[in-house]
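Structures are listed in the sections that come next.
In the two complexes that follow, subunit A is the common piece, with subunit B as its partner first and subunit C second.
On to the complex of A and B.
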């Protein structure tokens, strides 16, 4: 009985997620859809053709978004992993202050700090460049990654590494063979979140990219304020796609073959 | 293969200004000997073990293996395999991979390694579980795998940190026998940390008793019962009879009369102790005196009596065929060979 009721809630939850997508998908494939028709009277692939056919900046924007997203993810994990290990695994002086400093970029409104960064970047020749945009995306992605990874390593006690050491493993071997494999699901989740944060970044990109670095959210925003709902819908689907993929992959990792270390700060299933 | 271990004046404090977790501990372990580090929780026994393993650097003192200091040697090079209270099996590896871990770190050839792993698993009766993941095993099984994982590396020192305390009573006894047998057969120099005096007595060749980071007594298990070094030591081993007195020419003047003991008592004020099992009732002769039964508790295989003799409270544990009731007047006797004068 409990199982059946569980299913009903699942279906309801799925509907709540899916319903906003229905008009989006309909618009993306609509040829003719006038008020007060409930459904489009004509379907077409006009929007998709227009995006693929070139003569627009969609391929460039997708590529930029991907490059910046992947680079920001890699850099965030590279910085967040040691930070998370240190904060989660060890006690040290001024630990509270360090956590505060790491969280500061997401506590301070990004606009405030980015104004100052913009001036510096202009001086350094980093504004209006893909590299500059990548750097500024680290402001929100590093804190998130560091915090997720902190909880990953806080759950590990270090005793396992001690056991490995007494069995003949060097510090690096103990990390490589014992700690890291257990942290992989958590690292994957942190990376996916970092990618999503970068992928959906708008303000920072506009400020530092100054309109010369085009990413997908920028095209989406300008299309949304325009008059063609078909193009907007196509872009919106394109924009949401990675988020959906990431969500599915993340959920798989979180369930992760019953491996508890994957349950990053989201509570354990009862 | 098995090495001697010597600890010299070892002290450790976790932070400056803290009380020392271990202070001035000196201890020797013969090759192939099993020494139990015994004491209540927080007495510094685990700290001492971690220093031996190299996971902790001591504040002062030295640790020698086969006469050479190992303080500069990192844990992974000490060949001191440790088994912890929790099994701490690596969850990302199978049982076989867990047991083979130490050999893999030492780059042992694959065919040698898999034969050794197989042997080790057979020794702890876990053959047939090689392909399982740790999560699929019970606590006792996991702890047996942890033991195999340590033994397979043929360590110079085997360091056991309360490996049985997380198991339930039945399993604990079984594991105790297993640990004892494997340590004897393998001839490992073993340091076994425990807070359970019965466990220490059953397993150890010698026991080192620690209170508050200080070594109280280091001797064979029998000595802790027969010749405890202090009132605290005697009490930790279940002795409850303490008789104050004044030692004079080979005997001790006490409220119970003049008591003679076979061992010597230093002249002056002293405290005599005797185990409850050694107290005789309804026997007259040397060292006997009248006493009154103030309580009798039947425990099946024994009856515990509390006695009052001239204001001195004594406990006696006797076989159940002698039955006395509360209020009975008896003659109690403290055999001279069982009396011991505490320092």
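On to the complex of A and C.
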């Protein structure tokens, strides 16, 4: 009986989580849905046909979002991996200061520094370019990656690496064949979340891209400020897809970890 | 042994990226907030932008709205998260992990659009109310978007952040709290005593740390209030952005001053969070 009661709470929580998706899915396939009808009176694929057909900027926006996201992810892992190894694996002076520095861009909105750096970017010819947008996306993605990887390396004891070293492996061999493979699931999760953080950026792209670099959230934003819920919902679903893919993959990676506590490091609002 | 050198080399790329783009950007914002714009022949520094900002009613209204949204979102999210975690702690870990992880992963913009389609005057909520005969016209339904009380914004934040806080609470509950609680139960403590004297002290530091993050985030975030907020007053980041976009170059220092104020306030929360979480780590 107790079990059943807990399931009721779980179903209730799932319902609340589902609420915003209900109108999104219904509108995305709605043909006609006048007030006060509870459900669309006609269904159609108009919204989907519209974004697939030519004459709009959706393909360009998706491509830009993907390019910037993948590049920001690769750079963040390349930069965040060594930082995570250092902070997670070693004790050193000023460690608290380094953690604070890395944590700051997560809690201090990156909008402030992006506005500040905008003039310099204009002078260097980086504004209105995909490369410039990629650079400012690193402000939020690098800290996320470094923090997640810090917890990955903090959980490793280093015993395996020591064993490999005592058996004659060079530091590089020990890293390459022992430490790195152990860290792969954590690195994958960090990469997925770096991608999501970049994919979700709106205002940084608007500021530095200056309207020349169009990404998916920008199209969603202008649709949402307009009056066509069908297109808005289609774009919103398209925009949410990578998050759902990441969720499935991340859960698979973390299944070995047992309960969900291992996911807390990922839990920061993005 | 080159341990120190190795650590420095490992940290160098991240410190360089964050130092250049983030710290450098904040420094540039600070300099510009002091009125230093060599490009337009302004090289004299002054605090006049700050004086102007602090004396304008616009800024004060904006600050009050920002604090209101951040406090309301944080208090509601934290309360619901603790209650939710207590209700859910014995249900399946995997299922609740999936349920909780969805709002955390979904971009804020998607959540905002979805919530807007639920609470708008022609939204799902209004349609349901109409089905029950509670409203006739869309305008009978209360305006929850672009409204004075920022209901749509707060609802979006609550939907997004409750699971985040709840996961932190659940981790605490699944750990030491459940064992302690059993002991307390054997010793005859009632439900309220068990919560107040056993569970709450264990989860409190995690709850405070998580709510600091939620507060700092909702204080400085841009997208949701920009989409669902009223035209005036706007939250601080939106106010800064509007000043920045103004054609008048003379508005730039004010925009940067607001940015610096946001950065200082959120940095204080980051410092508090760090202190607290390091204390947690030491146990």
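Throughout what follows, the second predicted complex is superposed on the first by the 237 of 270 C-alpha atoms of A that agree within 3 Å, B and C clash if a C-alpha of one lies under 4 Å from a C-alpha of the other, contacts with A are read in each partner's own complex, and residues count from 1 in each chain.
One rule holds in what follows: contacts are C-beta pairs under 8 Å (C-beta built on N, C-alpha and C of every residue); 3 or more make two chains touch, one makes a residue touch a chain.
Fair warning: this is a prediction, and the values are worked out from it, not measured in the lab.
In the overlaid three-chain picture, which partner chain does A:159 touch, first (subunit B) or second (subunit C), both, or neither?
In the superposition, A:159 contacts subunit B only.
Considering only touches as defined above, state whether A:144 meets subunit B (first), subunit C (second), both or neither.
In the superposed model, A:144 contacts neither subunit B nor subunit C.
For A:167, is the partner it touches subunit B (first), subunit C (second), both, or none of the two (neither)?
In the superposition, A:167 touches subunit B alone.
State whether subunit B or subunit C is in contact with more residues of subunit A in the superposed arrangement.
The partner making contact with more of subunit A's residues is C.
Once the shared chain is lined up, is A:224 touching subunit B (first), subunit C (second), both, or neither of them?
The answer is second: A:224 touches subunit C but not subunit B.
Touching A:134 in the superposition: subunit B (first), subunit C (second), both, neither?
Neither subunit B nor subunit C is touched by A:134.
Go through the superposed model and pick first if A:35 touches only subunit B, second if only subunit C, both, or neither.
So A:35 only meets subunit C here.
Can A:178 be said to touch subunit B (first), subunit C (second), both, or neither?
A:178 sits against subunit B, while subunit C stays out of touch.
Touching subunit B and also subunit C: which subunit A residues?
The overlap between the subunit B and subunit C interfaces on subunit A comprises residues 258-259, 261.
State the interface residues of subunit C toward subunit A in the complex, per the touch definition above.
Residues 3-4, 7, 9-11, 13-15, 17-19, 21-30, 32, 39, 84, 87-88, 90-118, 122-124, 126-128, 130-131, 135, 138, 159-161, 163-164, 167-168, 170-171, 174-175, 213-214, 216-217, 220-223, 226-227, 237, 240-241, 244, 255-256, 259-260, 262-263, 266-267, 269-271, 273-274, 278.
Quick check: in the complex, which residue numbers of subunit B touch subunit A?
Residues in contact with subunit A: 53-55, 74-82, 84, 86, 88, 90-92, 101-102, 105-106, 135, 146, 149-150, 153, 159.
In the complex of these two chains, what residues of subunit A are touching subunit C?
2-3, 6-7, 9-10, 13-14, 16-17, 19-24, 27, 35-38, 78-80, 82-83, 85-87, 90, 92, 96, 98-117, 119-120, 135-136, 138-139, 142-143, 146, 196, 199-200, 202-203, 217, 220-221, 224-225, 229, 232-233, 236, 239-240, 243-244, 246-247, 250-251, 255, 258-261, 263-264, 266-270
State the interface residues of subunit A toward subunit B in the complex, per the touch definition above.
Listed in rising order, the residues of subunit A that touch subunit B are 159-160, 162-170, 173, 177-178, 181-182, 258-259, 261.
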